[in-house]
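First the structure, which I've put down as structure tokens, then a few questions once you've had a look.
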Amino acid sequence: MGLLDKIGTKSPWILHFDTGSCNGCDLEIWALLTPKYDVERFGGINRANPKQADILLITGPVTMRCEDRLRNLYEQVPEPKLVVACGNCASTGAPFHNCYNVCQGVDKVIPVDVYVPGCAACPEALIDGFVRALSLWEDKARRRESE
Amino acid sequence: MKRPTTIPIGPQHPAFLEPLNIGLELEEERVVGATLNLGYNHRGMEYALALDYKKTQYLVERVCGICSNHHSAAYCQTMEDIYDIEVPVRAKVIRTIMMECQRITSHLLALGHTAETMGYENLFMQCFRERELAMRLVNEISGNRVHYSINVIGGIKRDMDAGMERHTANVMRELRPLLEDLRDVFARDNTLVKRMKDVGVLTNEQARDWCTVGPVARASGLPQDIREDGFAAYDMIDLKPVVRDEGDCYARTMVRMDECLHSIDLIEECLKLLDEGPVIMTVKGHPTGEGLSRVEAPRGELLYHVKAIGGLQLDRIKIRTPAFLNVPSVQAMLPGSRLADVPLITVSVDPCICCTDR
Amino acid sequence: MILSSIAILLLGPLLVGISMGLDRKITARLQNRRGPPLLQPFYDIGKLLSKQSLVLSDLQALFASFSLIFHIIAFALFAFGGNLLVIFFISSMGAIFLVLGAYSTPSPYSHLGANRELLAMLAYEPILFLAVIAIGMQGSFLVGEIVPGLLSHIPLILIALLPVLVILLEKSPFDVPTAHQELVTGPYVEYSGPYLALLELGHWYQLAFVYGMITLFIWGTGITSDIILKLVLAFILLFAAILIDNITARLTRKSMVAFMLTVGIGLIALNLLILYIIEVI
Amino acid sequence: MASSEHYRYGKIRLGGESLNNSSANESHKVIRDIAVRMKNRGVRLVSITGRDCDEGNIELIYVFDEDGVILDHRFVVDVERELDSISDIYSGAINMERENIDLLGMKFKGLTPGLLLEPEKSVIAPLRKRQEEV
Amino acid sequence: MSMLRSSLRNLFQRPVTTAYPNVQADLPQSNRGRVMWEMSKCIYCRRCERVCPTNAISTNKEAKSQTIVRNRCITCNACVEVCPTQTISMVADYSKPDLAPTVHIFSANLPDYNFRVEHLPRGSGSRRPDEVTND
Amino acid sequence: MATIETAITLLIFVPLIGAIACLVGQRKILKQVTIMTAVATAVISLILFIEIAGQGFIDTRIFLPDDLGYLVEIFGAIVALTFLYLGWRTRSILVIAFSIGQLAVLSTILLTPGSETSFFLIDTLALIMVMITSIIGSIIALYSLTYMRNDPRRGVFLAVILAFLGIMNAAAISNDIRWFDVFWSITTLFSFLLIGHTRTDDARAAARLALIINTGGGLALLLGARLMMHYHETYLFTDLPIGNMTGLVLLPLAFISIGAFTKSAQLPFQSWLLDAMVAPTPVSALLHSSTMVNLGVFLVLRITPSLQGETFFSIFIALIGGLSFLITSILAMTQSNAKRILAYSTVGNLGLIFMCAGIGTPLALAAAVILLLYHAISKALLFLAVGVVQEGKMSEDIEDMYSLRRDMPLVTLSIFIGIATLVLPPFGMFVSKWLISETTTTFPLLAFLLAVGFASMVVYYFKWLGILLTSFTGTRRPLREDVSPQSYRWILGALSAGAVAISALVGPITHYLISPFVAMEYELPGLTESLSIFTVEGEVQALLILFLVVLAILIISLFRRRSRDVTVPYGGGEEVIFQAGGSYYLSNELVTKITRIGNLIGATLIVILVIIPLIMEVF
């Protein structure tokens, strides 16, 4: 199984969910899919389906209405799964810290593995976050085996 | 007996960048009922922005990352209106340049997104490839790809130097043939035209009824472009609003495409208008009074209405975003369309939920 | 004997996997991107196999295995010179089980995808069937007995197979069943992890059969030239499919069926008519 | 009728008919007539802005645009009162009114809350000034 | 058919894709990436702390330090502009992702532009920086 | 020999006696009578089969006394008079006209008696027909016992059903077309009675339509018989000249074929069968899918040997069959009523048989007989299963069958088996599908009809099956108790088992039953070779098995090692409240239009069929 887990890091399929962001980081995530940054280099494609996703790119501070939806999606993702909070509002809710309808960060709702700072998080930072998350994959897989 | 199929599209769906939900009722893949559900992106910004009008000039960009600059420009204009000051010409021109740059990035996004909803992945990629040029340019001018943080009350805080002006002109020259190629594809590609023509028709009457603005209204034959009112530097340049009257997805797409090209014209004109001069003037005291200001954001008329009562906190800041008016109009277009066209129609109004919900 | 047989059974999907990698690479290059490594499809399968098994219903898992098994049988029969008609029918069963698997879940996306997959079958099966019949008319239905000459006798049928390939490769303009932006991934929506891998492998075997059919059209004089010519022909069709994918938008289900049943069948009819006329003269 | 002024960049004089006198609560009755008149003239509805002006009163500002000219109509109404909706005249008004329902806790005939706020989770009527904040 | 032409042209062109992360990120010089403190200049006037729209900064006069939560800073440049002593500057870089929200602590005890790295505990994102430093 | 004769006589008379007992007997004894009759008929047919098998499947002829001929004509006249009466009762000018026509032709037949002694012929084709009738028919009779348990007129119903079995058996072995016609007409009468059994307006209208079309068909058959005497001077199928006919001598065959088309509801006569679906389900199962409608194809199979060598004429028979298959397959996709889907598919399958008969090569003929046999059992199973669903869910609409797997697991399994045996390899129907496809190489135009038809068939069957298999409950919840009566379960179970068993036995059945029939017609031996599936080369089989075992182990280990976790359906983050509707692809207007076009082409082809002999004569 170790081999398969290693292979897994070469094929991270993406689910992107916007939980109330300003779109800035979402655009940068889309930029990752496009020629200039092209995450398919790392095997990443936007599967946009939780059942077939490995790595969740979550943006936004999680609004009240998105909270349950985010949890719903998270639970549909098969293990091992990685969550990347993209941008400041996803990591800390900062730009919206005075807003009354947000949960202030993704980690209030689901466990987050990597926090990408930036408002907007620039594509390079997102790639770094993506690669960083992949480095956690084998660890996660092993932990799952042992459970 | 034929029962309808119910299918929730969104809030997470590959066709949409943002969380919105359409509860579809289908008969035979034909839409018989569509309920649009919003509010997934409601953060409560109108409350938060009213807390400190100075911080607001930065935070207001976070209403929407696609037309962030238009938001801060509109906000600053409103505040300048309340202070009753006239910003320096150079600031106005640079604001205009930034707004038009952002229009290009926003429209290319919308165009790429439209292509993407029709499964035209290559065209999506091309749109985004060209968009990167504009993104790079705004990054060079303002220091950030998304949130320029360049508008402040009283003017702009980062000037362009001569080198940057030349560079901008070069980029525009580089961009024009690329966009013209794209226009060619959008206008003439058989499969695209087949998918977009006569799909999602919004008649002139409906466009008025749903109070649509911007490209959506202009594609339905409503000649409505707030830039004609001449805010910022628009009274100094030769603006030709793009209006079509088919009202279908094709018209909306082509309006955006043509506006992209027109934006290049406008930017080039603006560059010629750049004279030496200050770009900012200081304002004194806390604002008092009521102001209303509009700009033409990529998606249409963006309206700010502020009531200030002297002090850091504002009494009310009302942001009437264009998408707030445009997005609901899909409810007029969806019934009777095919399931395959639902993403296309929805995306053709260029939905921006973050500013619809705020 | 058994070892070599197993080798052939593995070689088919291996080549298909590489062709998929090539496909993604070429697609990326057509879009001016770098694209994934050539072996990406194998990484994907490996990754899927290592994931947790999440299902909505037990039938789903069962049908995924059935789908794979039928596709393997079809390809095995093909590889060992079986009857093309039988292979065709068995292969279509593989596709059917994908549909049944999709139907077995209470998910609207899956159901709409399954409906569309059936419609896609309605569009491409007649072409495949007629192609098989046309090949059979040239002599024999047994793969092992098919003789050179298909390309010169029935070239239009090779062209008619191109849109079939486009549908099977899930490429626009006919990627209607899996329409990513409409149905997420259509019939595959509710599949995850290992079961998706089973379906994906099944899909490879299905493609192996179709590519195999394409290679029947050309023969070289020696074994080496034979293999090279066959690979080149398959690659040409693949490349054409990729190119079509990249210069078209997705059309609707109706236009897909209409196109296949008029243009596709028309091409075959034309070819057979010409053959008939030549024969009469 | 509403006073108006042509929109020149950034300068719009607001101050249309402001009916916040003693009969305030009755004044909103005319909105349907105004809306019908506007619709017939081909005037565009721009916005319905609500503003809490203390004492349980809300100032409602209906903003129209006639060929670039801003026309505004203002009403001061009691929050508790159920108001006439103009969403049958302008379909686009429905969300503007629902927004005011959510954010200011107003009531419009035939319209439901829940456009923006999530029931049972979100703050109720967040834009209303609360006693301790004033 | 012009898509056909451009696709084929692309096929024989070099892809525009960057090789990042194998090469350096290509950021323009003017990029507003990260705020940095030259602590020897700081007079602890707290203007930067007050002006920051997202409460990313906390100034600690006793400890002679400036704490910034990278995951709160929206690089608006306001602190840079408001600082009376030009202590703060913006560098053309970007903050790196990490396994928890990153906090950088600049202090007069460290060389200028150097900082200590700490992390906010996960799930505590909304807390203000001053609460963190008290931990 | 004697055993065979006795068995045949019993097969005809036991059901008839049972029927009389049902009619006159007390309500209480209905059950016993029906069960006894049904079991007896089935057992006797098995004895007959064993006897014939023991003799190596050679043809048996049972000669009849000459004077019986007149008796039969008189009997025929009585039936025709009954039609006349019914025509008057139902106010149908057409029926009156047809029955008067029948009487007229009958009288001329009376005037020109046949020269030879007529006899019953029991070859393997007849044997297959008798087996289908006696075994499947008996099972359906037992089923109706439960199905009609609440019907006050159950006695009449059962009587007609039982009597029908006897008549069908008699028709199947008739070698004399005069005899055949009489039994044929009686089945028309029975069908009228059974369709109209419920006496609702729909039922009456449907019965009337069936009567009109079938009396018309009867007239065509009689005309054919009369002309057969005129041109070939015989009433015996076996005495028809084999092959190389041309010109007017084909005319009788044309009329006989038209008769066959009406009975088997080919285009443009299909409407009666579709409307007949208002009848109680056992009727649909018995008459309108598995037995009575087979009479039409049986008739054509009897005359195909004569068509050898005359492709230009017979190809039109094939075309009508192919067209019926194509059009009904397409239309079946657009239906939501399960019985209607089955009706369309029945017409389509019969069309396939006609097509094979029209093609007329040995392979095609083998395919036709295989199809006849396997279609009958699978279709009966499907109809009966739908009947049970109808009772349980009060609906025949496939959209009301969502998640039937949970509510009625056994019925779902039956439908699954029914469809599987109809479509999936390696079951029986698949073999015929394969053979038919191979035969079209001789006439590629038909391949085009088949191509679209087969694909549509897959669509409508699996769309339906998919709906049944949808799970609402997640995977762990136990299936619900099946609430349907015990007897249904036994019947469905037996039929399912039978369908699977004979599917598995497709090799021997082809070898022993079907090849002899084909060989008799063509004197061709080596047919069986090409029919053994999967033996392209010996090793392939072994290899496949090996591979499958490896795979099975792999998959099982996959399933074992990780417990499967159940998740929720994808809805973009929203909770999904599942409600799906079917997919019917074509609007009602299009359906009408396609039907109309199909009818038009069908009618044209039929006219051409009659004209061809005339033209041939002229040139």
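All chains are identified by letter, namely A, B, C, D, E and F, in their written order; residue positions are counted from 1 within each chain.
The rule is simple: contacts are C-beta pairs under 8 Å (C-beta built on N, C-alpha and C of every residue); 3 or more make two chains touch, one makes a residue touch a chain.
The model shown is predicted, which means the values in this text are computed figures rather than measured ones.
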If you apply the touch rule, which chains end up adjacent to both chain B and chain C?
A, E, F
If you check the contacts of chain A and chain F, which chains show up for both?
B, C
Taking each chain's centre as the mean of its CA atoms, which one is most distant from chain A?
F
Counting C-beta pairs in contact, which comes out ahead: B-E or C-E?
B-E
Greatest Cα-centre separation from chain C belongs to chain D
Go ahead and note the Å separation of the Cα centroids belonging to chain B and chain D.
25
Between chain F and chain C, distance of the C-alpha-averaged centres to the nearest whole Å
35
Distance between chain A and chain E based on Cα centroids, please, to the nearest Å.
21
Chain C and chain D, separation of their C-alpha mean positions in angstrom:
60
Of all residues in chain B, which are in touch with two or more distinct other chains?
5-8, 11-14, 19, 26, 29, 39, 42, 44, 47, 59, 62, 122-123, 125-126, 129, 132, 144, 147, 189, 357
When you check chain D against every other chain, which residues touch at least two of them?
116-118, 122-123, 126
Among all residues of chain E, those touching at least two other chains are 3, 7, 15-17, 27, 53-54, 74-75
Name the shape of the chain contact graph, picking from line, ring, star, complete and other.
other
What are the touching chain pairs in this one?
A-B, A-C, A-D, A-E, A-F, B-C, B-D, B-E, B-F, C-E, C-F
Hey, which residues of chain A end up touching chain D in the complex?
63-65, 67, 100-101
Chain C partner contacts - residues on chain F that touch it in the complex
403, 405, 423-425, 430, 433-434, 437-438, 440-441, 444, 447-448, 450-452, 454-456, 458-459, 462-463, 465-467, 469-472, 474-475, 533-534, 536-537, 539-540, 543-544, 546-548, 551, 555, 558-559, 562-571, 576, 578-580, 583, 585
With touch defined as at the start, can you tell me which chain A residues reach chain E in the complex?
35-38, 41, 84, 88, 91-95, 97, 104-105, 107-108, 111-119, 121-122, 124-125, 127-129, 131-132
Can you name the residues of chain E that touch chain B in the complex?
2-3, 6-7, 16, 27-28, 30-32, 51, 53-54, 74-78, 81, 90
Which of the residues in chain B come into contact with chain E in the complex?
52, 54-56, 58-59, 62, 122-123, 126, 129, 132, 136, 139-144, 147, 149, 157, 181, 184-185, 188-189
